[in-house]
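Scrolling down, you'll hit the structures one after another.
Next come two complexes, and both contain chain A; in the first it sits with chain B, in the second with chain C.
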Partner chain A sequence: MSEKLTIRIDGVECECEKGEYIYDVARRNNIPIPVLCRSDAFSDHRACCRICIVEVEERGKRKVVTSCVYPISQECDVYTKSEKILEERAVILSLLAHRAPDAQRIADMNKAWGREGFERLVTIDNEKCILCGLCVQACDSLGTGAISTVLRGTEKKVDTPFDKPSEFCVGCLSCANVCPTGAIEFSQDEKTRTIWNRTFDLLFCEQCGSLMGTPESARHAVGEGEVPTVCDACRKKKLADEMMQTYRYV
Partner chain B sequence: MINGTEKILVCCGTGCIANGALGVADAIQAELDARGLSGDVEVSAQVVRTGCSGECEQGPIVRFMPRDLMYYRVKERDAAAIVDSLDGEPVQKLLFKKDGQTYEHMADNPYYALQHKVVLKDVGIIDPLSIDDYIARGGYEGLKKALAMTPDEIITEVEKSGLRGKGGAGFPTGRKWRTAAGYDVFPKYIVCNGDEGDPGAFMDGSTMEGSPHAVIEGMIIGALAIGAEEGVLYIRDEYALARDHIQHAIDDAYKAGILGESIMGSGHKLDLSIVRGGGAFVCGESTALMASIEGRVGEPRAKYIRSVQRGLFDHPTVLNNVESLASIPTILRDGGEKYAEIGTEGSKGTKVFAMVGKVKHTGLVEVPMGTTLRTLIYDIGGGIIDDRPFKAIQTGGPSGGCIPESLLDLPVDFDTLTEYGAMMGSGGMIVMDDRSCMVEVARYYVDFLCEESCGKCTPCREGLRQMRAILTDICEGRGKPGDIELLERIGRTMQDASLCALGRTAPNPVMTTIKFFRDEYEAHIESKECPAGVCADLTQFAIKPDACTGCGLCSRACPAGAITGGRKEVHVIDPAKCIACGSCREACRFDAVLTERRPA
Partner chain C sequence: MTDQEQASKISEIIEAYPADQRFALAAMQDMQHAFNYIPEEGLSALAAYLGCAEAQLYSMATFYKALSLTPKGDHIVKICNGTACHLRGAMNLATELKRNLGIDPGETTEDGTFSVELVNCLGSCALAPVMLVDGTYHNKLRVEQIPGIIESYANGGEVSAHD
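Take a look at the complex of A and B:
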């Protein structure tokens, strides 16, 4: 069992285990810290949006850290709303708001946490992506690895290799679903779905006709196994019916 | 009389090769062959192709040993005269001259007299492709001593030396090794950072080219200290010559039993290999470098858990810079205390600087820590070209700062410049005269970083994008009141909240130029004027009639055909054709080209 520690977050004493991240302890104690690039779906966090910065004071030394990945190693004071943090978070949010002017979530956060004085900054037209990288993490964790961040510096973006349709993409939409700003575009009609420049057929349940995704995503999900022809709900119902038939005479 | 001990050393560093050194070496060799002086047992003057001798701007450099004659700017056609001078009078026209005085020997030349060579002690003297040359100068003696010591004793020796990471961060090398040695997780790795990417810097490249075995010996000693059996040299792709020389040295070390299953028969094992970097500046950052070696995107990670605990492939890893590693053999051979005699209280030993820009003698210098900038620029560098006024020195590359005249007497070490809001950095130094616009300099570095930041975290990527837009506006006459304060506001957030050291130091060129040259920013913004006469949208050029001699140099230099005037007549610039490039001002020898504010 790991070591227990008591830290103070904004003056509130919080119990935690050594090695826990500040963000997790704060959330457990209902102390709000805004985040964008952090998702409970993943154990690793990229710590790249920098919205979750807090100040930590350890042994009299104060520094700015990202709470989502800062492991608590000793007793400390954490400040989530110091003047420094409020100012720098506001600068970061305004930078994101000018990068992705079409992202509603950023505009909302900017309303809550933002400050004045950034009218001078330049905006990128029609952009929603804040390059948090959650889409890439999702694709990687599924084992598809169809998208990645490409290029570097201010030119960085998320894309398939060479902007070509990826043979590894299965059209599962995980990237679009995890995106905090709705920046990943896809279109769907009655029979097909298009994402990352590739069009997929849609797969429907043989029994109830509900949408099951794409044949590629179904194949990817079962690996070597047999691709299902019915949806999860119908499969369960069928199984339940069979059970009922089996035990009917017992 | 030639007695068979003569050596003719031809500098074959990247700079001298670009100036034709290989042809010079061949021509001298051919001359020796023709006279039957080479390959003969009785007379064995030989040509040695060495690494960089440092004074690149004066290359190709040829040096005689043991007479210690040094020739500069040698051409192939000088070969016969040089061979004649083997046992005769020195060739006067090839000697170093300064202020009417001629210098025959390297030791007399002021460029070298103030230097103290530890890292570069063999560079320019040995043939980097010869392990025997290195061993003859005391090479691998430090390793022999280390093999007779315990890891703890090796680390104690390095701690005693006071050596700090010469890549710029200045972390004590001994402490880093001790921490790594303390983890009982295997395998451990030792990595050499040869990804030097600062514009204008070539310290590490020249060290790897000129003395590759010193780097390898340093790595072997480090590996023994921490218990690593595998090491990687991460060398940027642009350094083709450095890579070739290191690979050659690794192969030779394997053949000599210095690398491999049993280092010098000690039973300790170490394998070294080279990984080629793709040329991304950010891959000089430790965690991005390791990500790159692992085959992932070269992005840094948060370093709350340090690489010595969890680095390459999540195993304990020591990452040292080329220059730090090349200092290790000397420290082990002569003792840590001896090394600690050089330098200042907090920064021991020497530091290599690559001095470029508007300084008379550009090149590579190694001086004791604590040498002042003034000594570097004026005594070693010979002062500013054309004796123009000094304006600023940019140290530490894109992460560094611009230091004004008022701070030139500060000692250069890890701590002092930092206290004044600048930094020593990895050793790149760009000297600027009064014809450099500091706003434009800041814009240049921000532009560089916009391309070379990894783009992972918001403050660095988006902060740089906005800074570039604002600085471009200021340079092009669209600056607004409040721009300076906004730059500072973004800069402070970048310094605190960026993910890695690159992002945290990225605003330094902007912050230091605002701090030391705020009036220049204000002139650009308020009176739409570029005091240095650099920003084309704010500047127009004219010729002073009373100073012009009608020599025509300016009109020949003008790429736009904007300058007219006959021989010995006062020349005139047509403002309608002038593109304000400044070529005429550079060309004029009579200071007759003046700059003035371009009317709106």
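Take a look at the complex of A and C:
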């Protein structure tokens, strides 16, 4: 059992364990901290968007930290809305809004917490991506590794190798689903799905006909095992029916 | 070089290293050295050997300036654009090279003889402006000297650094 600590976030006393991240403790205590690049799907966070910054006061010293990756090591006071934080967050949001003007979520955040006075910055046209790398993390964690960040500096982007359809992509949409700004484009009609320049067939449940993804993603998920033909809900229902029959006369 | 020769050269380079991801950069540098670029087959063979994603190696290959995924020219001309060289007219050298070879920094001539690169500092600020061709320094360069230097390399010869 790890050590218990009590910290104060915006004056509210919060119980936490040593080593927990400030963001997690704040959320558990219903203290909202805005974030973009943090996903519950992973235990290690990107700390890339910098929107989740908070001020921490430990032993009388105050500093600005990213709450999504700052582990609590001692009793401290956390300020999520101090003047300094609001100012710095506004600057970060303004920069992100110029980087990704088409991202609705950033526009909304910028409206709520942003400030005026950054008009001199150049806005990138038709951009939604903030290069947080969550999509790459998702693809890597699935073991597909189809996408990565390519090039550097102002040309940096997320792409497949050589800008070609990837043989490793399984069309699972994990990258698009995890993206905080909806920057990864894909299209889908009744029978096919196209993502990263590659078109996949769609797989439907044999029983209820609901969408199960692509044959490639189903195959990847089971590895060497048998590819399922029915969706999770139907499989559970079938199992439950069987159980009911088995124990009928007990 | 035939495809087969290239493939055997690739596996020779790759297999000189243990199958560990930390040797990825070293193997890619060797390929760059052997072929003057990293062929696509080389990247996928290395990924298979090291057991990592090809996308990850592609990310590295596009990140480092020293690695190239398109064939470089036989002669690589590096124009120093560090502070001292820049002030002493490095960009004029680039313009003169464009006039001679018809390419901007970062490009390769169509016949594959020359590649021109703009680099940050070659560490010879006292000799500015500096141009490096295949490892040979051309110091305190004047724009008028460039056609002669290019011609000597184009003819297959080399010129001394202080002619």
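What to note about this one:
Methods note: the second predicted complex is superposed on the first by the 233 of 250 C-alpha atoms of A that agree within 3 Å, B and C clash if a C-alpha of one lies under 4 Å from a C-alpha of the other, contacts with A are read in each partner's own complex, and residues count from 1 in each chain.
One rule holds for everything that comes next: a residue touches a chain if its C-beta (ideal position, glycine included) is under 8 Å from a C-beta of that chain, and two chains touch if they have at least 3 such contacts.
Only a predicted model underlies this, so the values are computations on that prediction, with no experimental measurement involved.
Residue contacts after overlaying the shared chain place A:D140 against chain C, while chain B stays out of touching range. Of the two partner chains, chain B is the only one that A:V65 touches; chain C does not reach it.
In the superposed model, A:A47 makes contact with chain B only, not with chain C. In the superposition on chain A, A:Y249 makes contact with neither chain B nor chain C. Once the two complexes are overlaid on the shared chain, A:F162 sits against chain C while remaining clear of chain B.
In the overlay built on the shared chain, the residue A:E88 is in contact with chain B alone; chain C does not reach it.
Which of chain B and chain C touches more residues of chain A is settled by the count: it is B. Shared interface residues of chain A (contacting chain B in one complex, chain C in the other): 148-149, 151-152. Residue ranges of chain A in contact with chain C, taken from their complex: 136, 139-140, 144-152, 160-162, 166, 168.
Residue ranges of chain B in contact with chain A, taken from their complex: 280, 282, 297-299, 301-302, 304-305, 449-459, 461-466, 468-470, 480, 482-483, 486, 489-490, 492-493, 496-499. Note for the complex: chain C touches chain A at residues 40, 43, 52-56, 58-59, 62-63, 69. Those residues of chain A lying in contact with chain B across their complex are 46-51, 53, 64-66, 69-71, 84, 87-88, 91-92, 95-96, 98-99, 117-118, 120-122, 130-131, 133, 148-149, 151-156.
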